[in-house]
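The structures considered in this document are given below.
In the two complexes that follow, subunit A is the common piece, with subunit B as its partner first and subunit C second.
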Partner chain A sequence: MTNSLFSADLLPIHALIEAEQQAFIADEGGRKRAGYFCAYTPPEILNAAGLRHARLFKAGSPEIVSQGERYTQSVFCDFSKSCIGAFDKEGGDPFYHAVDKLYTFHTCASMKRAAEVIEQFVPTTLLNLPRLRNEAASRDFFRSEILHYRDDVAELVGRAVTDSEVSAQIALYNKVRRLLRDFSELRKRPNPPLTGLDFLELVRGFYYLPPATLLTAYEKLYQKLARTHDDGSRPIRLMISGSIMADGDRRLVELIEREIGARVVVEDHCTGYRPFAHTLREDGDPFAALADGYLDQAPCARMKPLDDSLDFSTGLAEEYGVDGVIYVYLKFCACYGVSKLEFLDRLTASGVPVLEISSDYSVSDIGQLKTRVEAFLEVLQGQRDDRIETNSKEHVHG
Partner chain B sequence: MKISDIIGSDPWKPAPAAPVVGFDIGSRGSKGVLLTPDSIYTTFIPTGLYMQETADELLARLLKEAKLRRRDIAYVVGTGYGRISLAYKDIPYQVVTEITCHASGAHALNPRTRTIIDIGGQDSKAIKVDPATGRVLEFVMNDKCAAGTGRFLEKAAVLLGLELDKLGDVSLQATEPAVISSQCVVFAESEMISLRARGERHKDGAAHANIAAGIHFASARRVKSLLGRVGTEPDLVFTGGVANNPGMRHALETLIGARFVPAPIDMIYAGALGAAVHAGRHQAAAAAAKQAGSAAPPRRRAATAAEKPALAHTA
Partner chain C sequence: MASDAIFAEQGLNLLELAHVRTHKGPIHTSEALDSQLSYIEETRKAHGYSRAVDRLFDLVLSYVYDHEASWQEGKNVIWTSAPLFPVFYANDVLPIPISELGRLGSADALTAAEDTFHLPKESCSMVASILGEFYLRSGRTPPRLVVYNGQCEPLNLGWELLKDQGFDVFRIEAVNRPNVADDAARVAQLQSFFIDDIKQVSLWLTGKQIDENRLAAEIKRANRIIGKLRRILRLRLHNPLYLRSLATMYTLAGLSTYFGKPEAYEDVLDELIEEFEANAAAPIPTGKLVRLAWVGGRGQEFGVYKTIDDAGGAVTAWHNADDWTRDYREDLPPLEAYADFIITGRTLGSPVRQQQRIEEFLPEFGAQGILFYGYIGCSFGSVHREIQADYFHRQGVPSIFLEGSFQVGPASGQILTRVRAFIEMLTR
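Moving on, here comes the complex of A and B:
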């Protein structure tokens, strides 16, 4: 694979992910296979029950979108259409066809309706996720939903899932989250030793690989990357903020990093850095820990109050010292599309230039996308040059 | 044309030290501007199937007009959607986006420019410019959709049986602009067809004018929505091919409630002029680097920002 979208260092990890997907499809070992859509579904329970499991977020192909469009109106986002299209028995995705059970703590209305359509293709359990993340009642309710989820999973595997098994998984997943956070920390260097595309591949691994397999492979890579020598280049630093960036939707980051030569150093979306910003409590009732932990994670824009999401986004941009933010959302996204002005205004007010892009999985707009991103980077480069010039003048006169 | 005839006799800051060229290879038309220390030459041809051939043709025309030879050209900058497909073996070449180029072009002609509306064949853009530098502060570009672009007007002209360059004039005759509400060119087209079907024979002229005005207002509403984040601070400047359409100018001025500042040249050339201005800066930076190189060990940074090609593609 000479043309892969990530650095050569990640090839072994990529190979592990591919092998895991093949095993999933081939039903190796005869274990039941579970899938889930949103980052609010705790994989801890699935792993505690010994299931094979994966987050289902493959999308990006226009064919799968049109497959899904047979079941929806046009005003669903391309991701929710892709989820339906991939489960569709005719022309869907074999990985999705291999799923024995779908669990989804739905976030947005589109995904809820998508799951209801998908029920005809695969046994599905739809669970509720409260919106008001700071209310005590939300936490109690969410905990009881997680207990339903556990019971459902126990029924699927035909055995009980114990509290201590769940606690052990919380500790294990925390370890993985911390490691991914460490990887991301490396991107705070002026010349990050891993690209945004690399980090997306690591996140992809998180959603496909068993955590034990992941830890072995990732720790080795982390040691290697941490030792990378700084060659002195200082690429323009970008944050991507907004809706889901599916496994298969790489064209924006590819354009930024491969064609233009800037760097994505952090993501404020649920398929980038965001799910790893927070770890869970490891003592006491594991179900309360899951309920609190998942509600306390860096929030999706569907959660309330929205200020929490805005604070997280601006804080992250500052923490990673980004030159600019690209706020990208899927067309018809009821969360990120509708709250775009709040995000744009807040980021702009915090002094970070931001480019808004509404996107989908068609390919016809690549030229326009390129012009926008290039022009935005010209703006950022200009500002950086001005800063350098001002600094050197101050230096001379000071 | 002498630059002093356009700008006046004050020294013109963007003037290059040697002849440079800017190309703006658009979706419909391609524009070329050649700048010498004291003159400006412009040329326009429809964009052909092969961008390089189009650019070669533009260059040949410009050289002929300026009475220069190819080797006299010190630098070329390309912009527009065909910018990436250009390559030169014998002339230094850089790529800059049309957003940056329209800002530089408009600013070079009028340093008080703060807001630009650019409407071309397939794109429309609103650009906020820093009057101190001519740099882009913020920009918004239309969605991948023909509403609010030249293509939409082209379609409308065909439907009304008018030449494109008459469409704007006809629209100014409207007594009661038709209401066309569709955001989509395809639906707007069917709205136009039903409006036309309603028009009585003897009122044909008036109906045409009203429909034409409706089309311009529908497009202008679309473009106006781009100004949300960019604002409308004066001087407000209209660039791109559609800047020559008086109907669109009128509709935009009516909706925005502000006037465009008259431009000293045909603003279809704003992008190509901006590209030429960038070519001039690149040329100056290259010359300075060369001089510094022969006098002293190379410095990591030359004085100007334009020297840094980090974001440009060397074809």
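Moving on, here comes the complex of A and C:
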């Protein structure tokens, strides 16, 4: 383990990400730069157009939150406020200032409102995203919105974006998604060769690095990690579920893994494993494939019916054999705050203990957070010890 | 009715009514009135000279109860947050707007929401109040909801929670026109999707396709009513306190719902026009009256409206869900006309387009300042308020933000004090 948040094996990837971010800011190559907020925005279109692009999910600093509060009230979630604050020309983040065009699908109402503020700072195109993910009409409508998005991108780069280019990008991104799933599969081992923090860094790479660069670097790393022996003591296995975990919001996972010694083995949130659980169709109309694929991906609680999100969460907890779930929602995040009881009840009913945490980007509650997580993990450890004892007795008497 | 009694007792004609102080009971201060109902009764008394206002509040107060009774009798009644009332009426469905729950809601509703749904403490009062009130009414109120996905996330999640309480929820997919400028092809595409939504909801409501001739008739009625409302708002300019701010808000709110009784509501509007026209010859001197615009939610803390009027102000220009500024297009087939009205509307969607709408009507209504109103805990309205207030500030139009609670209860003294101070400032 290094002083960085992730394992030494991840250092080359971290360096690539940092270099890419610097190039984005410095406008190396003179390519137009596009940003987007949400995992429902297909980067396939941006890459097909030859844009330099990134998902904008850097957040976690109370200063940037305060910057955003110049335009909103405190009742916004800290992530939305951070998005606004980062674009603010007075202060803010140079990475965000470098964006030539922002694309944002209307995901939650907070982010829609954030975009309505941000369009004062940078050209912004807002697009509709249906909530009824299983309806045929939603898919047709979403496809037509994606076509509009393609046309807007084409106008930005000054050339047409062809169907074959988009199809090629779907295939390329599918490879990356499969590879990230393969990495995550390694976490099903009793003693995973990568930590939760490692996986979050790999996800970071997905949103900042060009996919071709990423594939080269990630494939090598995967081969190395896959060869690692699955031995040593089995840590307590956790899933984190809930609101977005921003690039910069690592305090909970750091606490769990580096201070307490448990392991996050899977994430049911949009900056962890969730966006990679699905692969897009590679034949036929590429825009229908994008519409279907993005609506079929593991859903955000914003999508309806909510049961789909609950089923995915409980299924994932079971698939990864977790000992417990930490359900984290950002204060004022309606998607995961209002629906929290549904998640807690469903996970508990499936036999998985859950700890609920209401979070923000302040630093004042770290002590309380540590106490609560430690207590939860003690309970999980106790339950595990009981199970082992019961199993060994059954073995003796059996 | 109260106004009938006054007519008979005092032998007055409409022309004289505006000069008569009819209130005979004790004078209440705003803070002494402890519920929306009290404010309605107070406003009704203050309009003792107007039979139209009396009838208006009859419609307001009987709306939910009459429709719940109709549901008990087996009629097709739904609760709704969707802007589809002409569609409902064309389908012979009796709609109740979910926003009415705020007026009925109580502190018990908030407690129920907290206990049953474990809403985070930071949740907006509107969502908690609605969920709690539905929970308390379940079993004795229509269990079918038609909701609009284009609303805020807390509500969208809230509808999912109600499913567990036995409510059957139909969602109208979110279609909005998010950008300040969209090309005609995109608008047409959004409209086409919305037309499918209308067809789907009609099937869900009745099992049948919507009768487009009926919808065309409803569109004609809607246009007639919009025209009458515009007439009332313009007549009112000469004598704003003839129809005080709360009564005006309710007159406008009827535009979206007709309070469940379209013919009766239209009769009220006719009568109101008649009263205004009769009074036009003798307007009350209102030289010092501060005319204001109301922008945002209608608000459930009716003390704010009373305070505005009592402090020497009057809301003359309105920007909320009730779009009185334009008609449905009758040159289009009815489904297209309806979709066009919703998608090209400027009371929802981009704050900049909304701002353009406000700016267009402010001068005609002589508004000297803007009251931006939102609900406590509602982050979504706050951003629009910031953007719009900044814009109007730069245009030299002063404004104030008011944040109120959604459920029954008195307006906070702080809000009322701020309203008074704002009007006092504008008076100078």
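Just so it is clear, the second predicted complex is superposed on the first by the 396 of 398 C-alpha atoms of A that agree within 3 Å, B and C clash if a C-alpha of one lies under 4 Å from a C-alpha of the other, contacts with A are read in each partner's own complex, and residues count from 1 in each chain.
By our rule, contacts are C-beta pairs under 8 Å (C-beta built on N, C-alpha and C of every residue); 3 or more make two chains touch, one makes a residue touch a chain.
All values reported here derive from a predicted model rather than from experimental measurement.
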Overlay on subunit A: subunit C relative to subunit B, clash or fit: fit
Which of subunit B and subunit C A:F141 touches, first, second, both or neither: second
First, second, both or neither for A:P130, with subunit B first and subunit C second: second
Which of subunit B and subunit C A:D9 touches, first, second, both or neither: neither
Subunit B versus subunit C as contact partner of A:D182, first or second or both or neither: neither
Which superposed partner A:G261 touches (first subunit B, second subunit C, both, neither): first
Contact breadth on subunit A, by residue count: subunit C or subunit B: C
Angular separation of subunit B and subunit C about subunit A, which is computed from CA centres of the superposed model and rounded to the nearest 10 °: 80
Partner chain in contact with A:S364 - subunit B first, subunit C second, else both or neither: first
Subunit B versus subunit C as contact partner of A:R372, first or second or both or neither: first
First (subunit B), second (subunit C), both or neither touched by A:G382: first
Which of subunit B and subunit C A:Y329 touches, first, second, both or neither: second
CA minimum distance (subunit B, subunit C), superposed complexes, angstrom: 7
Touching both subunit B and subunit C, residues of subunit A: 358
Touching residues (chain side subunit C, partner subunit A) in the complex: 117-120, 122-124, 127, 149, 151-154, 156-158, 160-161, 164, 171, 173-176, 178-180, 186, 189-190, 193, 196-197, 200, 350-351, 377-380, 382-384, 386-387
Subunit B-touching residues of subunit A, taken from the complex the two chains share: 236, 259-262, 344, 353, 356, 358, 364-365, 367-368, 371-372, 374-379, 381-382, 385-386, 388-389
List of subunit B residues in touch with subunit A within their complex: 81, 96-100, 123, 133, 135-141, 143-144, 229, 301, 305, 308, 310-311, 313
Residues of subunit A defined as touching subunit C within the complex: 71-73, 75-77, 80, 106, 108-110, 112-114, 116-117, 119-120, 125-132, 135, 137-138, 140-141, 144, 148, 301-302, 304-306, 329, 331-332, 334-335, 337-342, 358
